[in-house]
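There are structures below to look over.
Each of the next two complexes has subunit A plus one other chain: subunit B in the first, subunit C in the second.
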Partner chain A sequence: MRRTLPIFVVLAVLLVAIAVANPYFLEPPAFLAFVKRAAPLVILAAGQYAVIVSGEFDLSVGSLVTAEVVIAARLIDGSAEATWPVVALLIVLGLLVGLVNGVVTTLLRVPSFITTLGMLLILSGAIFLWTGGAPRGALSEEFRELGRGSLGPVPWSVLILVVVAAAAAYAMRARFGHTLVAVGDNDRAAALSGVRVARVRTVAFMISGLAAAVAAILLGGFAGVSAQVGKGLEFQAITAVVLGGVALGGGRGSVVAAMAGAFTLEALFTLLNLYGISGALEPAVQGVIIIAAVALGAVRFPRRRVAATS
Partner chain B sequence: MTQQLKLRRVSAEGSFLRRLSADRPARPVYLALVLLIVLGWLLFALDGGQFLSLENVVGIQQRSAALGIVAVGQTLVILAGSLDLSVTYLISLTSLVAAEIMAGSDANVPAAVAAVLAVSALVGLANGLIVTRLRVHAFIATLGVALIIRGALDERYDGPAGSVPASFQHLGYDRIGPLPVSALLWAAVAASVWLLLSRTRLGYRIYAVGGDIEVARLSGVRTERVVVVAHVVCSVCSGIAGLLLASRLGAGAPTVGTDGGYDLESIAAVVLGGTALAGGRGGVAGTVGGVLLLAVLDSIFNQLEVNSFAKDVVRGVVLVAALAIYARRRRTS
Partner chain C sequence: MTGIGKSFLGVRVLGGVDLEASAGEVHALVGENGAGKSTLMKILAGVHTPDEGTIEIDGRSVAFGHPIEAQRAGVAIIYQELTLLPERTVAENVYLGREPVRRGLVDRAAMESATAELLSSLGEESFGPRDLVRRLSVAQQQVVEIAKALSLNARIVVMDEPTAALADHEVELLYTLVRRLTERGIAVLYVSHRLREIFDLSQRITVLKDGAKVTTAETSALDTAALVRLMVGRDLQSYYPPRATEPPGEVIVKVRGGGNARLHDIDLDLRAGEIVGIAGLQGSGRTELAKALFGAEPFTSGEMTPCRPRSAREGISAGIGLVTEDRKAEGLLLNQRVRDNALLVARATGMRRPAVEGLLERVRLKPPRPTQEVRLLSGGNQQKVVLAKWMTVAPRVLLFDEPTRGVDVGAKAAIHELMRELAHDGMAVLMISSELPELIGMSDRIVVLRDGRVAGELPAGATEEAVMHLAAAS
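Presenting the complex of A and B:
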């Protein structure tokens, strides 16, 4: 628990800083808009957390998000009745990509960094091969409603986010969560105590694929069709998870903190925008803060780190 | 007398075999390379063309030189159990530093080269210190440094800047017989890193740290220093690649690194060459093979006029398949 505390403090400080610069920020509409903007990254971070805590990496989520949005636009092509079958198809595709990542990593024993890097190349290449270089077609209004619209005052994406967060927090408290963390901490010990390591890790990759599918549906609605929609999301998701105090290499950290990490990253972007550091210098400030935050986390708990490496 | 001779020869053979087996991970990639070249030659023979034409061979070497130099540096950090994702933006940065300082005049070339080496060594030092002293995972540390460099580039440059004098452009375009100068530069970098790894104490320590950092530390290796030096050498390699690309372009460009995708591509080449991503196993010979394999694949695609997006798909499949085969060999052996 002590490990997860710093990220909530950082998040609170950032939110207060935003509120100081923009007093309207903490009023419901503005705050809900912020949560809505953050929702895709938070969902991706929850998926990436499952993979990282089990001791692996998933670099393919960014290109998977792009692929899903481009496929949705091409298949829906503006027609309302195609919307729901395509949404179902996107979810199946996300699970399938996760399954392939998981099977290649666990059964063929390819390091997940390489498996998912290969998947990144394959997905981005295949999708542009299929569309001939530029995305075609259009999303229907019904599809975009999920990312843009709202139920009363509450945006759909915030509702979806709440459901995802509750499910993730529940799953990590249930037996599945415990085996997932055990596998990441020491897969040999987990295997000897009867955990089917390959299966658990494959499920973790499928969760990440599912999260990418949901994030793609929200992002497609929110931002529309573009070939750049998922660019760099894999690094952002991994950064968010690490900001949440989750150890790369697995076995340590909580999913709630990982999602708080994603909120922190989004709050950071908002703050930089507010103070007019948008555009050019933004990545530099982001880089400094990420290194500083992770370094502070490492310095604060030197004993735990030693325990983790030995 | 004869017996003595025989004995000596046997022992020499033994050590040679042992050395080969130490570099064993490199063997499959060369086998694959030979197979691919034969396949390419066959394809072109059927098509009435010539695969091993001078033009094509030179093209393969030129295309792979920059990636090759970066990948050689990447090999060092990966062997030490680290990783460098900042190479892309460092290449862009150093190409700009080189072109801006040269400003089209021959007299400034030495100063520009020195500045590039200094800048890249500094970035490597920063990477290494963040990884070792601040205990930030290399993935996050080098990603953060990459973001910082990117911010600085975005802030200062919108497009190509500076200019490289004609004399310096010889580095990018000239060739001696069938060997381009850029490939010779690559060979020199690879040979010196190979010497470093196989003949010096530092090299052995890099393997030791990558194999098991705790055991290395308990054996009296200053592990932090080793990781920092590996990062510095890696970044200097990226700086050299930046110089090479600046000489090709005739100017510095803020996108030259990202266009090449050098971060993930160099890691792919290193692991294709049989170096373990977790560190401690592998070597430069395999990396050179991995880079050549990617370049030959590229050249076959180019001449068959395959869509560039299909290339990515095949690259992904080749990468994953190669690693699956390595994993299988390791389990059976």
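Presenting the complex of A and C:
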């Protein structure tokens, strides 16, 4: 647990710093608004965690989010009845993109960095082709309620986040989670112990795709339709996971810490905002964070072996 | 080296250790895992700096802050896991970082001819300076490491478990190589678990135990039993546990005409209660046989009961387990806890989950702590975790590929006892070992492989000569 503790300390320090600058921050409405804003990234980080801990990357989630929002707007086109079928379709689409990423990576043995980079380009190209640069259609009020609205004082997105977080924490303690980490730690040993490595990794990509679909539904409601809605989210999610102390290369780190990493990133952006530092600086800050977090010892790429075996 | 002491994070791993080696001597360093051999050698090689003590080379006091400084002072270390670049040529590896340069460019011709000279001075003719390292066998790669040491004018060569990855006939070549080094007046420090090599090669032996020196003795003044006693601090009553007294039970695995790319026409029976030893030279198909029986590299032809597994998963569900040759690469999740490693097979296959704690006691893990990360354990304890991993699913057949490689004497005895115990409880056990005395000491029956075929079968207690005759005959 020594790898996961630091992120909670950093998060607590940042929250206190925000509270110092803005005394209302820790009161329920403001804090819930913060959690609501962070929810899509936290969900994406949970999905990205599944892929990274199994020893792979998923760079396609940002453009998948954009694609999902753009498609939702076009298909719903303001109609209330279309909302729920389209939500279901978005979920299926997310799982499907994950399935393709997983199958190409595991069966065709294309490194996931390349597979998902290719998927990123394919999806963003397809969005551009389909929309001509300006998304058409509109989301229905019902759809936007998920990202904007609330049940009593608690935003829907916070409730959804709680469910996702609980499911993620549970899954990682169940047989599936242990198997996932085993694959990331040593896929040969796992395979020789009876683990279906290709299937487990493919499921990890599908989880990431599912997370992207859920994040897209929340973001569409929260931020509305644009062709930039998912831009850079893949790197934010990876930064969050790395910040949570999860080892690139797989096999180490906890999903709760990865989600805390996402909150930390969001808190940092909030703090920068409070001190009037330009949002344009965010990518630079993120770049520094990801390098620093990895340099601080998270990275453990699988070692290449020199000696030949008989 | 005088009075060497070293602590890591407050844990004292070495204290007051003296060691001397003279020119032309092979000085063996032995001790159980964790005795401090590696730390001592890494101090000599400049990887660690000692907290106390002094090092002298040719009478001059030296202090190394970096491996480069030790290298310049004439210390070369050849690690168990070779550190060559696989995609570069032999010459490039030998002169890595010190390439001869002419007019700003690497002088390949000079580099290659110098390497060729080094290789021929070592009597090596099977490969040349332009060969890619990845195409060489482990034994040949060791020659490259030694050539590199010579090119650095090494006065002291440290060899850490040099035979761990070698087959028997390659060990002979290594002996020749070591003798060539001593003829040049180089002092060889030889770290090994294999007592036979130590008696074959060394003039003196230094025994370490728990970070302190037990003694330095002339090799001629010791025998195996005396040396083992010094290493473990007690008598190992007998080297191997007693064989089964009852005749073996029913046939559990039966192979007729089993074959694939590397194996041909294999007939083999494994019976409950019996330990079958598999002997053969490196490349004879021993590991391939274990992997075929298990299903990881399946047979493509022939009959096998209870089934011919086509994958590791099928092997496991047919009740077969495989303790792989390379436990770090193929057996363990090094970053996970003992408990998660022990439960790996059970979780992967959805079998019932047994209590791990009792099992850790049974495999004699010391201490039996389920929360320890496996990478922090000694080789012997790691192997015990691999055994626990299989015992959780209670296989009917367990295949052991080099189960005691790189394992200290105490853990080795524990693993032997456990294998015998498993057989006694009705498991069919197959064991591969390059160490013939071990194979002969443990097996109820020895099947010898040659070129992927069964060359013959020998009863319990066969002589080494009989086994070698079958393994090497043409």
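Keep this in mind: the second predicted complex is superposed on the first by the 279 of 310 C-alpha atoms of A that agree within 3 Å, B and C clash if a C-alpha of one lies under 4 Å from a C-alpha of the other, contacts with A are read in each partner's own complex, and residues count from 1 in each chain.
Criterion: a residue touches a chain if its C-beta (ideal position, glycine included) is under 8 Å from a C-beta of that chain, and two chains touch if they have at least 3 such contacts.
A quick note: this is a predicted structure, and the numbers were derived from the prediction, not measured.
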Contact-wise, after the overlay, does A:Ser124 reach subunit B, subunit C, both or neither (first, second, both, neither)? first
Examine A:Val162 and indicate which partner it touches, taking first as subunit B and second as subunit C; both and neither are also allowed. neither
Examine A:Arg252 and indicate which partner it touches, taking first as subunit B and second as subunit C; both and neither are also allowed. second
In the overlaid three-chain picture, which partner chain does A:Ala182 touch, first (subunit B) or second (subunit C), both, or neither? second
See if subunit A has more residues touched by subunit B or by subunit C, and give me that chain. B
Check whether A:Val195 is in contact with subunit B, with subunit C, with both or with neither, and answer first, second, both or neither. second
Overlap of the subunit B and subunit C footprints on subunit A, listed as residue numbers: 305, 309-310
So, in the complex, the side of subunit A touching subunit C is made of residues 175, 178-179, 181-182, 185-186, 188-196, 247, 251-252, 300, 304-310
In their shared complex, at which residues does subunit C touch subunit A? 81-86, 133-134, 136-138, 141, 165, 167, 282-283, 286-287, 294, 296, 312-313, 316, 322, 324-326, 329-336, 340, 343-345, 347-350, 389
Applying the document's contact rule, which stretches of subunit A touch subunit B when the two form their complex? 59, 104, 108-111, 113-115, 117-122, 124-126, 128-129, 133, 235, 238-239, 242, 248-249, 279-288, 290-291, 294-295, 298-299, 305, 309-310
Quick one: in the complex, what on subunit B touches subunit A? 130, 134-137, 139-141, 143-152, 154-155, 213-214, 264, 267-268, 271, 277-278, 307, 309-317, 319-320, 323-324, 327-328, 331
